[in-house]
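Take a look at the structures below.
Next come two complexes, and both contain subunit A; in the first it sits with subunit B, in the second with subunit C.
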Partner chain A sequence: MSPTMPLPAMASSVTPGPDAARTWPAQQSPAGGGRLPRLLPPAGQPGSDLAAHLGRHGPVPYRGWSARLIPEVRAAGLTGRGGAAFPVHRKLEAVAAASGRAVVVGNAAEGEPASHKDEALLRLAPHLVLDGLQLAAEAVGAARAVLYVRRDLRASTRLDVQISERERRGLDRVAVEIVSAPTRFLAGEESALASLVSGGMAVPRFTPPRVFERGVDGRPTLVQNVETLAHLALIARYGPGWFRAAGTPDEPGTMLCTLRQADGSVSVVEAAIGAPLAELVGRAGTALLVGGYHGAWIPAAQASRLALSNAALRPLGAFTGAGVLAALPADRCGLVETARVARYLALESAGQCGPCLNGLPRIAEALAELAGLAGRQPGPRVLADLSRWAGLVDGRGACHHPDGTVRFIRSALRVFAAEVGQHERGRCTAGNSPPFLPVPAGPSTDADWS
Partner chain B sequence: MTTTLRVNPIACSGHGLCAELLPELITLDEWGYPVIADQPVPARLARQAGRAVTDCPALALRLSRSR
Partner chain C sequence: MMHGITSSTALWYASRATGVVSLVLLSAVMIIGILVNRQGRLPGLPRFAVLGLHRNLSLLAVTFVALHVITAVADSFVSISLAAAVIPFVSAYEPLWLGLGAVSLDLMAAVIVTSLLRRYIGRRTWRAVHWLAYASWPAAVAHSIGSSKDLQNGPLLGLAVACILGVVGALAWRLARARAEVPRARRVPDLMASQRIPEGHAAGQAPQDRLVRAGRR
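Take a look at the complex of A and B:
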């Protein structure tokens, strides 16, 4: 399918941004039943202001006491949209049951460079997120609500203004405080988030205790991705049956996806879980990256027959994650792209755990050598080294950074096996193409974890 | 009741003492960090495992009991 064809089930408002190729197509229909989109406002309507939001969805449907919303969330089958797809009701139950006054945090760290969906949501439907934050706070009996937003997004989304307006109108029962997240890949990891909001650095910590037991300032803390909160706000209004009218029985609802087409265009769309990947991204040249930089490559021929669901992707070692889908163009080398990202991921290690600190830079260097980015021919042991080091870092960190990085790299070695053979003979089918996958310029420094 | 060993990889600084005290269950990777066998601690090694935990200079090793 051509990437320029009109796509079903999508948002359709174009928002000018720093990246000229990035568009956020707006919705064709209001939220209701199985019709999409649900989260983003209809085309041509200013969705982000409070009056438009109240006109579309009405006031925050508070339940009146804690825990009352939780059975509805369980019936809806809502899972976290930050990437891990953890059942939301279980987190709500755990935090509500923990002793001590809870804290609720909406997570918009969006540290994944290839993802823009939280940014699009905060621009186009911030009040759904803020409604969800209030409802989650009520559900777990929290006295404190925090919106954790990547620093540059905070500056560009006018969230402070939106929150002040809600306060003036008396919509919020718990005051919302915005905390800036550093622009780091791991800044949104739950324990790193809890550490930063508590006044420390945004680096992961060893668990247990889990964040839901002891998070921000040692209190039971509910951390939910902002998209999850927006879905929660709709479930509270329209009910579990409405929510399940889109998606699959096992993975109900919709999810926001960041699509990076082979022609370089980038858009954020809302898709029903279970939708054909072919309706979302046009045919990739060689492979499709699913789930972002902790996700996996899938051969283009297979990807075109798969659905957007963990059930469909799991057998290929992939998962939907936070909804990043990137169709690698035919004139790019997947090995080179992976090596560039691997270098970035190695630099984004918090450097706290021995295996990650020692392993990721070696893995990145070996991959650079294999991809021809190291200025020398790949040595005879490079593949064996990569395989051994991948085994040595997998599962041995305090967080999942080494595991996710290795999953991504292993998928590349599998899917681009033919390209690996070419590179071992000093050839690359892609030549000197500019980078396709976005990698932040310049290495991060030790100073920017807070 | 089973007992398992777990290392806190943030606290661990790779002294390697644990692998000397409990070579049956702990080996060191090529950078000197412990790789713990994916199995419960057998009763016959309980005493050595306890010693590895208490003697770790970084207090990075834990025994956890579960049913």
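Take a look at the complex of A and C:
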């Protein structure tokens, strides 16, 4: 970790929503690579327009040749910020080496209801994303660049205007087209994305072939989260050494996090990886949800001693994912919250594979019964059934939806073991309380996947 | 013909018996395989169990088929070479009917090997090869009835007919179901309809539309 890393690592924050441009005061920090924020404009400065962007970062640093940027990305150790933390240079290499003209897609599907970081980034620093898209296209020799943006985000941002302004000024070498993503939890899954951009429904398909071999229209396709592209644009300008000045040696850089505090307030911050979780989310009442709805619950007492890094979270079965941190207030029941989310996740299944279709509805129902949402006393075998069914769906779907859902539910059964005992005796510690974690409605017709 | 089991006829009897059992098991595997899809289920069995049953019965059937082939080859009552058991239509004895058995065996082998390697070959290849089961079973049925006098009359003929009707019936049911396929968006809700999960924690709590607004700003 760089000695210049500012503490707290929180640097810039926005409240998501149409009136999003509010920022918290940025932390005064020493100059150099440790200065945060990197992606989001410093508080009080307008960032989203092209002039401000060019004033802060200068023009797109094209390398003039494909694949030139890849060694720099490898040296920087950049990993995907969409949730899977896959090394970016490996995807770049695979797509650059694949035969046929590649397609590059910036992924802002942000299907995770608890996450708002892609939204914040597109509002506050869209040109960093668009720079990254151009640089990625150059690196893999792509002839086509797509920005895949959740439909309501596209409507509420000015991306179309900003792209045409870049075009008019001749900044972009590859024309960028915007494709609207449906508001589905799985719409950003790579193969679902490739299917939608190819004209189909945004539902996952069985792999192989992976999208880097055959993706959009059967072409080798690079799919990167928009935050990853923004980091890429900064690495191309300031170099791997600068990038590594924040974060940990194994997990360098910063990441955007969506914080849902126990008081219900929601904000997006850019934090150095390795920052103490306690600095980011104040006091979690009972537990902290890390990594979103495919992530895991961690007991509050444990969470307050942990850092924001996969190395720190892995032993607890958690990972940073797309940076969702939600502190469950003391007056809410984690089991009830989990049951509601599990139901949402079951409904968001694409309805294709056995594990999802046969497993998740049952698991969601059993969990609802256990949480007391089914309107009857939990049966004696509910807990045993839950763990058995969870084992049956693990690792068997076309995508990771069943695995992620089961991971989330298992962590809840572990962390809220005391509540489980209460519920089995027909008592809930939380009483009546409105939902804390956002649970949107599931799809109602097949058109909702396109 | 044979009169009683002796040391010299034991293998021949064993081969005929395992052949009949194989036919029944393979038909059961077919029936369950046809019913195993995302919407099929057997009465009284959870969906998971149907898939497990298909796999385990397949394993059992393969064991009996292997016994059937080994005993037939090892038996000296009629001379069937190992080659004739796997290469179609080269047998000196009943070349057509034994040949169909060999065809069925080879197709079965392809289905089994690809199922074992499913993780490595990808779902698409596996699925393509798995369709061969639909060719393997009729070949096995023709082989059974054609090469065995046992199955040509009496109760065993009834058994063979029952196997055929079972598979054809399952196929008809499946095709009828496929025509009335549930739309994607209804699949999970239909499965959860039996125990509808209330939205709020207790009566008078957040209705659906409030949840939506809370979730999507």
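Note that the second predicted complex is superposed on the first by the 414 of 450 C-alpha atoms of A that agree within 3 Å, B and C clash if a C-alpha of one lies under 4 Å from a C-alpha of the other, contacts with A are read in each partner's own complex, and residues count from 1 in each chain.
By definition in this document, contacts are C-beta pairs under 8 Å (C-beta built on N, C-alpha and C of every residue); 3 or more make two chains touch, one makes a residue touch a chain.
Since we're looking at a predicted model, the values are computed, not measured.
A.B. asks: Superpose on subunit A as described above, then tell me if subunit B and subunit C fit or clash.
C.D. replies: In the arrangement built by aligning on subunit A, the partners subunit C and subunit B clash.
A.B. asks: Which partner chains sit in contact with A:365 here, subunit B, subunit C, both or neither? Use first/second/both/neither.
C.D. replies: second
A.B. asks: Go through the superposed model and pick first if A:396 touches only subunit B, second if only subunit C, both, or neither.
C.D. replies: In the superposition, A:396 touches subunit B alone.
A.B. asks: Between subunit B and subunit C, whom does A:293 touch in the aligned arrangement: first, second, both, or neither?
C.D. replies: So A:293 meets neither subunit B nor subunit C here.
A.B. asks: Once the two complexes are aligned on chain A, which partner has more residues of subunit A within touching range, subunit B or subunit C?
C.D. replies: Of subunit B and subunit C, C contacts more residues of subunit A.
A.B. asks: Have a look at where A:206 lands relative to subunit B and subunit C in the superposition and call it first, second, both or neither.
C.D. replies: A:206 contacts both subunit B and subunit C.
A.B. asks: First (subunit B), second (subunit C), both or neither: which does A:354 touch?
C.D. replies: both
A.B. asks: Going by the overlay, flag which of 3-11, 75-83, 93-101 or 111-119 in subunit C ends up clashing with subunit B.
C.D. replies: 111-119
A.B. asks: Common interface residues of subunit A with subunit B and subunit C?
C.D. replies: Shared contact residues on subunit A (touching subunit B in one complex, subunit C in the other): 206, 352-354, 358-359, 392, 398.
A.B. asks: With touch defined as at the start, can you tell me which subunit A residues reach subunit B in the complex?
C.D. replies: 205-206, 352-356, 358-359, 392, 396-398
A.B. asks: Considering only the defined contacts, which subunit B positions touch subunit A in the complex?
C.D. replies: Interface residues on subunit B, with respect to subunit A: 8-14, 29-33, 35.
A.B. asks: For subunit C, which residues count as touching subunit A in their complex?
C.D. replies: Residues of subunit C touching subunit A: 38, 46-48, 51, 122-124, 183-185, 187-189, 191-192, 194-195, 197-202, 205-206, 208, 211-212, 214-217.
A.B. asks: Which of the residues in subunit A come into contact with subunit C in the complex?
C.D. replies: Residue positions touching the partner: 16-18, 113, 152, 183, 201, 203, 206, 208, 333, 336, 339-340, 343, 346-347, 349-354, 357-362, 364-365, 368-369, 372-375, 389, 392, 398, 428, 430, 432-435, 438-446, 448-449.
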